[in-house]
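Quick notes on the structure that follows.
Order of writing sets the labels: A, B, C and D. Residues in every chain begin at 1.
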Amino acid sequence: MAAATDAESETTAETLSASVVGASGFTGGELLRLLVAHPNFEVAQATSREYENKTVGSVHPNLRGADLRFSDPGDLESVDALFAATPHGVSMQHIESFREAADTVVDLSADFRLDSEAEYDEWYDGHVCPEYLDEAVYALPELFREELAGADLVAAGGCNATATLLGLYPLFDAGVLDGDERIVVDVKVGSSEGGAGASKAGSHAERSGVVRPYAPTGHRHEAEIEAILGTGVSFTAHAVDMVRGASATSHVFPDSPVSKGDLWRAYRGAYEDEPFVRLVAGGGGVYRYPEPKAVAGTNNAEVGFELDPGNERVVVFSAIDNLMKGSAGQAVHAANVALGFEETAGLEFQGLHPVGAP
Amino acid sequence: MAAATDAESETTAETLSASVVGASGFTGGELLRLLVAHPNFEVAQATSREYENKTVGSVHPNLRGADLRFSDPGDLESVDALFAATPHGVSMQHIESFREAADTVVDLSADFRLDSEAEYDEWYDGHVCPEYLDEAVYALPELFREELAGADLVAAGGCNATATLLGLYPLFDAGVLDGDERIVVDVKVGSSEGGAGASKAGSHAERSGVVRPYAPTGHRHEAEIEAILGTGVSFTAHAVDMVRGASATSHVFPDSPVSKGDLWRAYRGAYEDEPFVRLVAGGGGVYRYPEPKAVAGTNNAEVGFELDPGNERVVVFSAIDNLMKGSAGQAVHAANVALGFEETAGLEFQGLHPVGAP
Amino acid sequence: MAAATDAESETTAETLSASVVGASGFTGGELLRLLVAHPNFEVAQATSREYENKTVGSVHPNLRGADLRFSDPGDLESVDALFAATPHGVSMQHIESFREAADTVVDLSADFRLDSEAEYDEWYDGHVCPEYLDEAVYALPELFREELAGADLVAAGGCNATATLLGLYPLFDAGVLDGDERIVVDVKVGSSEGGAGASKAGSHAERSGVVRPYAPTGHRHEAEIEAILGTGVSFTAHAVDMVRGASATSHVFPDSPVSKGDLWRAYRGAYEDEPFVRLVAGGGGVYRYPEPKAVAGTNNAEVGFELDPGNERVVVFSAIDNLMKGSAGQAVHAANVALGFEETAGLEFQGLHPVGAP
Amino acid sequence: MAAATDAESETTAETLSASVVGASGFTGGELLRLLVAHPNFEVAQATSREYENKTVGSVHPNLRGADLRFSDPGDLESVDALFAATPHGVSMQHIESFREAADTVVDLSADFRLDSEAEYDEWYDGHVCPEYLDEAVYALPELFREELAGADLVAAGGCNATATLLGLYPLFDAGVLDGDERIVVDVKVGSSEGGAGASKAGSHAERSGVVRPYAPTGHRHEAEIEAILGTGVSFTAHAVDMVRGASATSHVFPDSPVSKGDLWRAYRGAYEDEPFVRLVAGGGGVYRYPEPKAVAGTNNAEVGFELDPGNERVVVFSAIDNLMKGSAGQAVHAANVALGFEETAGLEFQGLHPVGAP
């Protein structure tokens, strides 16, 4: 992984035009929030069929100060960069028009995260433009910084996959794991992962206070994890009572004994120059391990671990804001890399303390 | 396991006197709530050094209607049954006086859950009356109904251990697991598990909305689980945003392939006659798997599972109210068995829907 | 107001059949919960068009143990008592068939709460059977115990109206207020008040953590309050982050100075014999004034007050569970009175401590 | 009120040194968060007796990236501006040393909010340096912009007072109210208002899900409100389930009839040039009135109203983040004005959507 500081030396400072397609949803709104305040982007269009001509602030109250109205997704202007926050399966149907409208396309759906039609068909249903799968670059700069530089098509990762990958990747990179081991990933996520729609299960009365197994097995984010790590994981996701946040606890059993020193070396080696990854493992105080609320609203990821000698187990904790590092923030970070901007541009917010259940 | 219905045929209907020692804490208050409404118990004393002479309703607002004041724990009256909700390490110091005061003692601390001094010393610090360890019966009737009948000293299990044991025991009992397999147990618990005291980490501002790893490794409830299952588990506990509830997700990897039918047979065999265990696995609607909020306030446990063929994994979910099935409710259930009462006496409340974050 | 103890002396102990129409909603489910455990009722039917033939436990997880399936609301059996939990405007369309099916009908909608067509038309749209308005008795036994005895048609009050009335009625009854004073009622309610449906505003992500003015002025419950108190109130309702609960803070300015003693006399005079009203005003500890979570799941109401000499103001606090004392519990209480049962039958649950955001 | 834009024309762009005294508490941490990212400030010291030499990130996890350690409050360096986040009654004891250390002192306690010793003694206990009371300027630029320019001693307002004043001031300024009317202010606040300490009442288990009257009458913030508006208000505060946020609902009864147009004129006149006040009154969508969660983490205030013709009442809603506009953000805003910086410097964050219970 190239150090962030290298990339920074070549940053440019121009201002480019950007559009957000599907801007009334949660990730679309988050993209708007980031782009409106981004020093190198000017927002040209925010599309929404449902809310056409309404102000973006009428849907996203934090954007009440923005002088911007939703426009028809059928009338895309030419821009430098287009961010697509359209649902899974919809992005692929419009990818041609997206690319016609913009030189750089960043898609936040699952449509372009996998590398081949075969992989896609194993986890999803029939891809309509598989020819783009190989071209699209996965948007995590911590893993694909070099490939992202100058990329035309970028696929932001799934939030649960992102949390998992950031926790496990260093162990593979450092050889602590080689892919033959059992890996159990137990994820806890907030309600914003379900999107902005209305449902009985997602109503406040039914969804409050839950520890609800919502994807006991077969979660599609496994596909990305396996594709990138080269090995399967035993993945289970639970809905818990927060709005933003994804927390992955990965239980791994290395074949050979490892020490805390080995683990620190692996994680420091991977992340010490990364602007958005913090290692949090032990220490005093209230916040001793990664916690989603410590990164809420930010593009930061917290990663930490504990060693369980009695069970020859390493427990890895990773926490992100699912709408930020797990989606819109990751997308903007990747766009910054792709377009040669400062990596942290538009992503400087460091979060709040105290904060309840963001 | 003897069926509940057998036990019921011999129930008695007398009224016995009962005291609660340590009645101002959360489990003490829960015991009071259950005993005050119990058809076979009359509450003689509720002790609290801190709140002596105050009404129990001044601490537990749900008991405002009860005509009962806290008394000095140093002045124990003779009663038929004594429930001790004293902290870990304190119960053992007073066990002689408890037994002098009552023929039947049910202790809710960790002091008498293990069978031998050696086991105790491995997980805790020096026991002052190890001679009682062997005599004490673990309070889960689903596992120890026969031993509980007529028992003089009963030790209510730990809440996380209870949730885990109820999920895993049937797989051992049915031979799906034999103890050589890796078992990962990932637990999520509410804030009442921390007790009624004040702490910075437990303040509303810091504790709200968390997914906080509070026992990454080495949780003491592992001791009970290992003692009863005969094998170690890889256990990690997280604090999440609810007050009541413990949810255990156990990831197990049987050596031989199992079918859904095998799993149903194992769980039905274990629990079909149990009055307090519900099997919840799949189906439609909002509540498809065990959830703590579906059992909040009740002595019910929900147990369910899913099969992950791709990873040769069984995921077991179990959910309880940590103060009820995980402590005070389990204690009263065990006392009902020990004293020959109807098993469900005083434990009939079936919970609420909808309910937020109880 | 006749004392509860008088009424109790004439209670009967027979078992009657009862049906719940509209049983899949939140108040319908709450009625089922109460009736299934009620010593004098046997549930004959629970109707739901949407969930016909499904178990009631598939919608209400706390009723998983009940052997009962939803039936077609078009096929009503003859029963002794029928509880209608149908939406506003729907009950009135079926009132004839309800009364044909049962001698005693308790309606939980707003359709029969007001006394005349004129009043109804002022706050709602066109009544289809105004001839029943005068006959129907408002379901609060604290105010209408004598009228409820033997009543054939009972109208359970609105939850916000109930909380307000229980707080203010004693001041009118004792002559502290005479109806010429300004009365400001500021209400805070939980999300279950919105019912079991799905909506964007009611999704967990949008509804969590709110203090949302949802009825700044013109709330229809004002109609009931004015009709019963004989004077208008300035009413505003806010949605806050709980599922169950309604809390009314009434700010009143008596024309003549009042003392704390006057207030205690007024409230004790009204409620000292009431089985479901607790006076909570000051004292020590955490719970010094009425709080919805102290009564969650119960039919209890807490009422309290504080005197503000500097502003010649009395602040009255009242707290209920909106689904219980504010709807289904009130309905069952009224049915107990109407049918001559023990007033507290089926309503003995005293709530939980601690409890989160029920 | 001078328009913000006027003030902006004279802004300077230098960098000044600043210290935070009492930096381990919630408002102290919020000040640090703002100052660390402020373009015109460089943080010299963050004091804390309890955490001396520890990193600020060990207490405030959002500041883990800051290279800053707590220092001894007894060793104050000379700086340009000192922000005191010390408790009420403590600031006054150290005011001499604060002023010795810095030319500009901004105090966040209640010690310097009132204008005279007589006022102070009416609501608090004995002031030790009353000579500064008259000099100190109340920190709300919307009301005191001219007085703040060049001020040496600034007193940040109380959060509840701030919310109330922002809602009511325009009605006095425009002559809709003249001070003889009854004004009821019903406030709902989050748990961060209680500060960073530990208490039983503030524990997660007891504090979750509450609607708890915590200051039924006699709240000390009334003093500020009365001093500034020139008239008393009937004030009651409730704790509700959020961490950040204060929402004031003011019920007022103008002597003469007012129209919606009158109200819009009053509020637009007061706030149309204000950078941190948004008028939100009606309209469509989910967020139709001011809500604390729509401004969480920001220095924005939302103000709105509704007219209740039937009761001749105006209901005014105002919502802020108590730690921001209600404390630290207000302090930085005032410092920006006092020191001639851009008013919005360091306060640009616009908040999140969706967001749970921040």
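Here is the rule we use: a residue touches a chain if its C-beta (ideal position, glycine included) is under 8 Å from a C-beta of that chain, and two chains touch if they have at least 3 such contacts.
Everything quoted here is computed from the prediction, not taken from an experiment.
Undergrad: Does A-B or B-C have more contacting C-beta pairs?
TA: A-B
Undergrad: Identify, among A-C, B-D or B-C, the interface equivalent of A-D, where equivalent means over half of the contact pairs coincide by residue number.
TA: B-C
Undergrad: Taking each chain's centre as the mean of its CA atoms, how far is subunit A from subunit C in angstrom?
TA: 46
Undergrad: In whole angstrom, what separates the CA-based centres of subunit A and subunit B?
TA: So the centroids are 39 Å from each other.
Undergrad: Would you kindly tell me how far, in whole Å, the mean C-alpha position of subunit C lies from that of subunit B?
TA: For subunit B versus subunit C, the centre distance works out to 35 Å.
Undergrad: At which residue positions does subunit B touch at least two other chains?
TA: 26, 190-192, 196, 200, 205, 208-209, 242-243, 286, 291, 354-358
Undergrad: Would you tell me which residues of subunit B are touching subunit D in their complex?
TA: 26, 190-192, 194, 196-200, 202-205, 207-209, 243, 356-357
Undergrad: In the complex, go through subunit A and note every residue touching subunit D.
TA: The contact residues of subunit A facing subunit D are 26, 29-30, 33, 37, 58-65, 190-192, 196, 242-244, 278, 280, 283-285, 287, 291, 294, 296-298, 348-358.
Undergrad: Please name which positions on subunit A make contact with subunit B in the complex.
TA: By the definition above, subunit A touches subunit B via 182, 184, 186, 188, 200-201, 205-206, 208-213, 216-218, 232-234, 236, 238, 240-242, 245, 247, 249, 251, 253, 286, 288-293, 306-308, 310-311, 313, 315, 317, 319, 354-358.
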